[in-house]
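Look at the two complexes coming up: chain A is in both, with chain B in one and chain C in the other.
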Partner chain A sequence: MSVGEAVTAAEKLRRSRAGSRRLHKAAPTIFLAPAILLLMVFLLYPLLSSFRLSLLDWNGLGDGARFIGLQNWVRLAHDTVFWNSAWNNILLAFFSVVVQLPIAVVLAVVLDEASKGSRLLKILYFLPLLMSSVALGVLFKNVYDPNFGPINGILGAMGLYSWTQDWLGDPNFALGSVIAVVCWQNIPFYMVLFLAALSSFPREITEAARLDGATGRTIFWRLKLPHLQGTFRTAVLLAVIGSMRYFDLIYVMTGGGPENASEVMATYMYRTVFNSFELGYGSTVASAMFLIIMVIAAVSLRISKRFETEV
Partner chain B sequence: MANRNFQPARVAIPVLGLFWLAVTTLPFIFVVFTSMKTLQETYTNPVWAMPEQLNLSNYIQVLQGSFLIYLRNSLFVISVSVVLIVLVSSMAAFALARLKFRLNGPLFGLIVAGMIVPLHVTLVPVYLMIRTAGLYDTLFALIGPYVATSLPISVFILTEFMRQVPKELEEAARLDGCGPFKIFARIFFPLSGPGIATVAIYNGIMLWNEFVFAYVLTSSPDKRTLPLAVWDFQGQYASDIPAVLAVVTLSTLPLIIVYAIGQERIVNGMMAGSLKG
Partner chain C sequence: MQSRDTAKRAKLLCSALVAGLLPLAGNAQDTKEITSWDLQTQDRTVANIRAGMDRFEAANPGYKVVDSHFANDAYKTKLKIAFGANQPPCVFASWGGGPLREYIRAGEVVDLSPYLDANPAVKGYFMPASYTPVTFEGDIYGLPARGTSIGVILYNKEIFEKLGLTPPATWGELMNVSKVLNENGIAPFALANKSKWPGSMFYVYLVDRIGGPEVFLAAADRQPGGSFEDPAFIQAGEMLQDLVKADGFARGFNGLDYDIGGSRRLLYSGRAAMELMGNWEIGTIANENPEFLGKLGFFPFPAVEGGKGDPANVVGTLGDNYISISTQCPYPDAAFDLLVKLTDQTSTEEQLLDNIVSPVLGIEVGDPTLQGVIDLVGKAPSVQLWYDQELPPTLAEVHKDTTQQLFGLSITPEEAAATMEAAAKAEAN
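Take a look at the complex of A and B:
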């Protein structure tokens, strides 16, 4: 190798190192670019755009969009259907917490204590969570069917004709019937959550307590249940936030009806945009829903943090 | 004394266990039985009666319709989406977990904050965007929103995972002259196998069941995914209860089969995903 060749080789190496160093510097950008781009296009922009659309009077087709300032927001403030649907979200959250969590704790304890078959039971209990809400909604629409559904069928066979109802068609029963299905589907989720917490409970403590003469009942109420507290907080948070954005199952089963009896914010938003073709006002509903959810999420996080420090 | 206190639990536990088993499985049994009845039977026999014979004609009727097209669409959309989710989120997670740059902390916070955004709020703008882009009523309409909305949770899971990969491995590779790209491809991506499995299982199941975006962004049966099959058939066969319930069964079957193969994994994946979401 001549001197000149060696020099150019060294120069090449230096250059390629400089090049790769530059490439290394750009590495974070290159690795993050696809994710950030996708999030901006499909999450951030739509979020902001929703607020912009909320200022329009538009049916969603053609150039008829008209800027009307805050008129949609004023309308929303006086829209009893919207506030009623937000209230239904709160009812859904409330019943999700008071129905699902206690049953889930009981089932978790059952699985934790049952020696035989608890693995198989857990697998079977989990099934509802794998089903799509549409399939589930159609399934329970048939279960509730006033003429051919098993619920009225069984009530009738037991001679309880007066108890039979048009479960989804009667404004007095629609929301409750829908909430029952929501609970049915989600209980296994919380059950597995509590089960994981229970099985992480140290065996030595149970044994030590038993040696000290503690009964199974005392061990459960005094030791295991307090141990679940942190998990309980997580579960309440998940149930509340999940309930505020609920859509699929309710839309499939009742569409929010009858007479808005089972309407929640998301179904109202959907129907305003895609059935009444009020795209501007529907976006106002969507934006309001976003704000309400953010406030509720922030408040419940704050409350759950306070509990954490106090207890 | 201790023994007497123990008695009620010994009875209550199996009773409660079996009771909830009934609550969980009876609706499924109702669906499967009814789907094998003839329409005539549903009118004349009580609901809890067994089907008079093993009658698969409802299934044949459904399969001869467009059911298989919905299934094919779902397989296509979900597999493309899951591959992209894994790729994009593992790249981002690697940068956030292991590369040093100024905006690392805030960026991680922002991406993860994406998990609380209620997706229905993005529905209308995404619909307008897809329409403007000329993608309305195509399978590709779904892939963008599906991948993007799955990213926050996936990045979160994988970043946590990659933070636990031992530093020594990375340093050894660096001494061997590997740059960040090789370190990612040779070390972090392969070592994140379990995290990637969780991300793929969780998002795969969520998207397999996704309804509202598919409902809004597509309209013709040959461009729609499986959850819409149930919806469309329900409209089509409204009063033919056995046929509708045959669709419900068929649409649930693929996940049940997957579940039968890897129950524990799927339960854990679903829990990890929803807990962080």
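Take a look at the complex of A and C:
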């Protein structure tokens, strides 16, 4: 090998190294490109166009759209129905967290401890989540029926007639009645989440704790619950975001009524677009919903980080 | 060619996604598909419609009708999405009035006038007044596909007989009947007002009886002096609330769902004695609970003492559903032929057996109940279309919301009227 040849070989090596380095730099972009493209098409573009639509006065048909600037947003700011429905979302989020998560944790811990004999129970408890919301909604419309439903029937048979209520038709009860069903349907989801987290809880720790004389209660409060805290944070976040954009059971059971008593932002948006034919204003509601959910998600993320502690 | 095929397939896929009903496997090349949507879900009614479509297919080889049938409230949404996504069905049912006018203004509906002028036999088959809800600026955009539907008070004859009651002719008598029923532990009216249009019927009838049809027309058309704050609207709200306060409605009325039979159950079980509903419910009951049909009677909405409206007026529509053709339909001529088949004499006769009376000139009805409905319509000086179908959609929604609030006693009639008037003013601008 002559000196010249050696030089060119070294040069080649250097070049190819530079090339691979460049490739290295480009790799993330290449790998992320499909995902980013999909996100742009299916998330960013619709999001931006819904903001654009919120500046129009349009019924969604033909080309009668009229640009009206921020008028829809001004109207939204003064729309008591919208703010009332946003408040209902917050109530739904609060009760989802307060009702669903504790019950889900308890169920998960109990089922986890009874690990072998609980397979059937696990399936049973999981069932509500497998049912379609529409079917559930119709089912519970019948359960809540003030004249023929089993709830009022049982209360009446027990001589508690004064406790019977017009569950879905009375503005004071409609939201609560629906929230109860929403919670019932979603508890299994969080139960599974916690069950998964508990399966990674090392058995030796429980055994060691027992040898040290720890009671079942101590093991639950001091060992298992701290172990679950990461999952708990995720669950809270999911429950809050899910509640803020909730739609299906409320739509099926009450349609947001009566008199907007159980209206949430999503059902209100649906009504403005599909019943009133106001696509522009409906998009304003949708965009506002997006902004509100973003803020709330960011805040709950921040708060949950604060509670993050070393286990 | 390739790209056109792809485009076609993409279009198919889109509409399947949007509507969830176009069969993907269908090869569109050799058979020409005409999609048709309506809101009939009773087996017998759907079978009659399908029979008309089969006759169309037999008369027009190469065409295939793909029919879809939806539940009432879901249908309104489906149609809106399909039009908004530019994938409307070829043939679709509506009630005419405000919502159809939105589609007509957007250029989505085929003007049938040229077809009807070319086929005078078709045009002359129906009562002239039945075209009113589908007439826009002098042109006709639909054919009456179902029956005459007017609001009547259905009642349980057995209960009335047992308590010695007779159908009330005036509002005062109605309040008395309600009182007697309540004293005997029976709710006067069954009402399923979750979707708000059933309760609206009371309000529409009261306004018509108190002020006559002119009051609504003046307010809706924004004629000088016309206003939704007219005393007639306020008095209607007051009387409606009087009935609510007198326990006129079975428990839960603002939350019960009409589409799952929330109100009919109350009638069947004898817990409620009356229901104000379109006469289509007689057909529904015949399909759903034939035993109860024997106990069922009906009477017209009572007169209001001192009211200006003629008590013979009815609220409803002569055509109930109208079928129209969308401008995006590739075969409008064939679609018109389908419309004719669905409304011709054979269809009319089949529908009659299903308790549906088409607004056809000189129709002979065997059934006495149906004959009663036809007699009411024949004598009516005016037929007021349901407000929620007559008004533009935005206003219709406000009307339904305020009426439900009136029923819930959460606003005063004056507040309801003011809200409605403000919305009408905003809509006119």
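To be clear about the criterion, the second predicted complex is superposed on the first by the 264 of 311 C-alpha atoms of A that agree within 3 Å, B and C clash if a C-alpha of one lies under 4 Å from a C-alpha of the other, contacts with A are read in each partner's own complex, and residues count from 1 in each chain.
As a convention for this text, contacts are C-beta pairs under 8 Å (C-beta built on N, C-alpha and C of every residue); 3 or more make two chains touch, one makes a residue touch a chain.
On a predicted model such as this, the values are computed, not experimentally measured, just so you know.
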item: Overlay on chain A: chain C relative to chain B, clash or fit; value: clash
item: Residues of chain A touched, compared between chain B and chain C (which is higher); value: B
item: Contacts of A:53 with chain B and chain C, given as first, second, both or neither; value: first
item: Partner chain in contact with A:159 - chain B first, chain C second, else both or neither; value: neither
item: First, second, both or neither for A:215, with chain B first and chain C second; value: first
item: Chain B versus chain C as contact partner of A:255, first or second or both or neither; value: second
item: Touching partner for A:274 - first (chain B), second (chain C), both, neither; value: both
item: Contacts of A:238 with chain B and chain C, given as first, second, both or neither; value: first
item: Which superposed partner A:107 touches (first chain B, second chain C, both, neither); value: first
item: Touching both chain B and chain C, residues of chain A; value: 60, 138, 142, 145, 148, 273-274, 279
item: Residue ranges of chain A in contact with chain C within the complex; value: 59-64, 138, 141-142, 144-148, 166-171, 174, 254-255, 257-260, 271, 273-279
item: Chain A - residues contacting chain B, complex; value: 20, 23-24, 27-28, 31-32, 34-36, 38-39, 41-43, 45-47, 49-50, 53, 60, 106-107, 110-111, 113-114, 117-118, 121-135, 138-140, 142-143, 145, 148-150, 153-154, 157, 184, 188-189, 192-193, 196, 213, 215-217, 234, 238, 241, 244-245, 247-248, 251-252, 266, 269-270, 273-274, 279, 282-283, 286-287, 289-290, 293-294, 297
item: Interface residues, chain B side, partner chain A - complex; value: 1-2, 5-6, 9, 13-14, 16-17, 20-21, 23-25, 27-28, 30-31, 34, 42-43, 46-48, 87-89, 91-92, 94-96, 99, 101, 104, 107, 111, 114, 116-126, 128-129, 144-145, 147-149, 151-152, 155, 179-181, 184, 205, 208-212, 216, 226-228, 230-231, 234, 241, 244-245, 247-248, 251-252, 255-256, 259, 263, 266-267, 270-271, 274-275
item: List of chain C residues in touch with chain A within their complex; value: 76-77, 80-81, 83-84, 99, 102-103, 105-108, 193-196, 250-257, 260, 262, 265-266, 269, 271, 392-394, 396-397, 401, 404-405, 408, 410
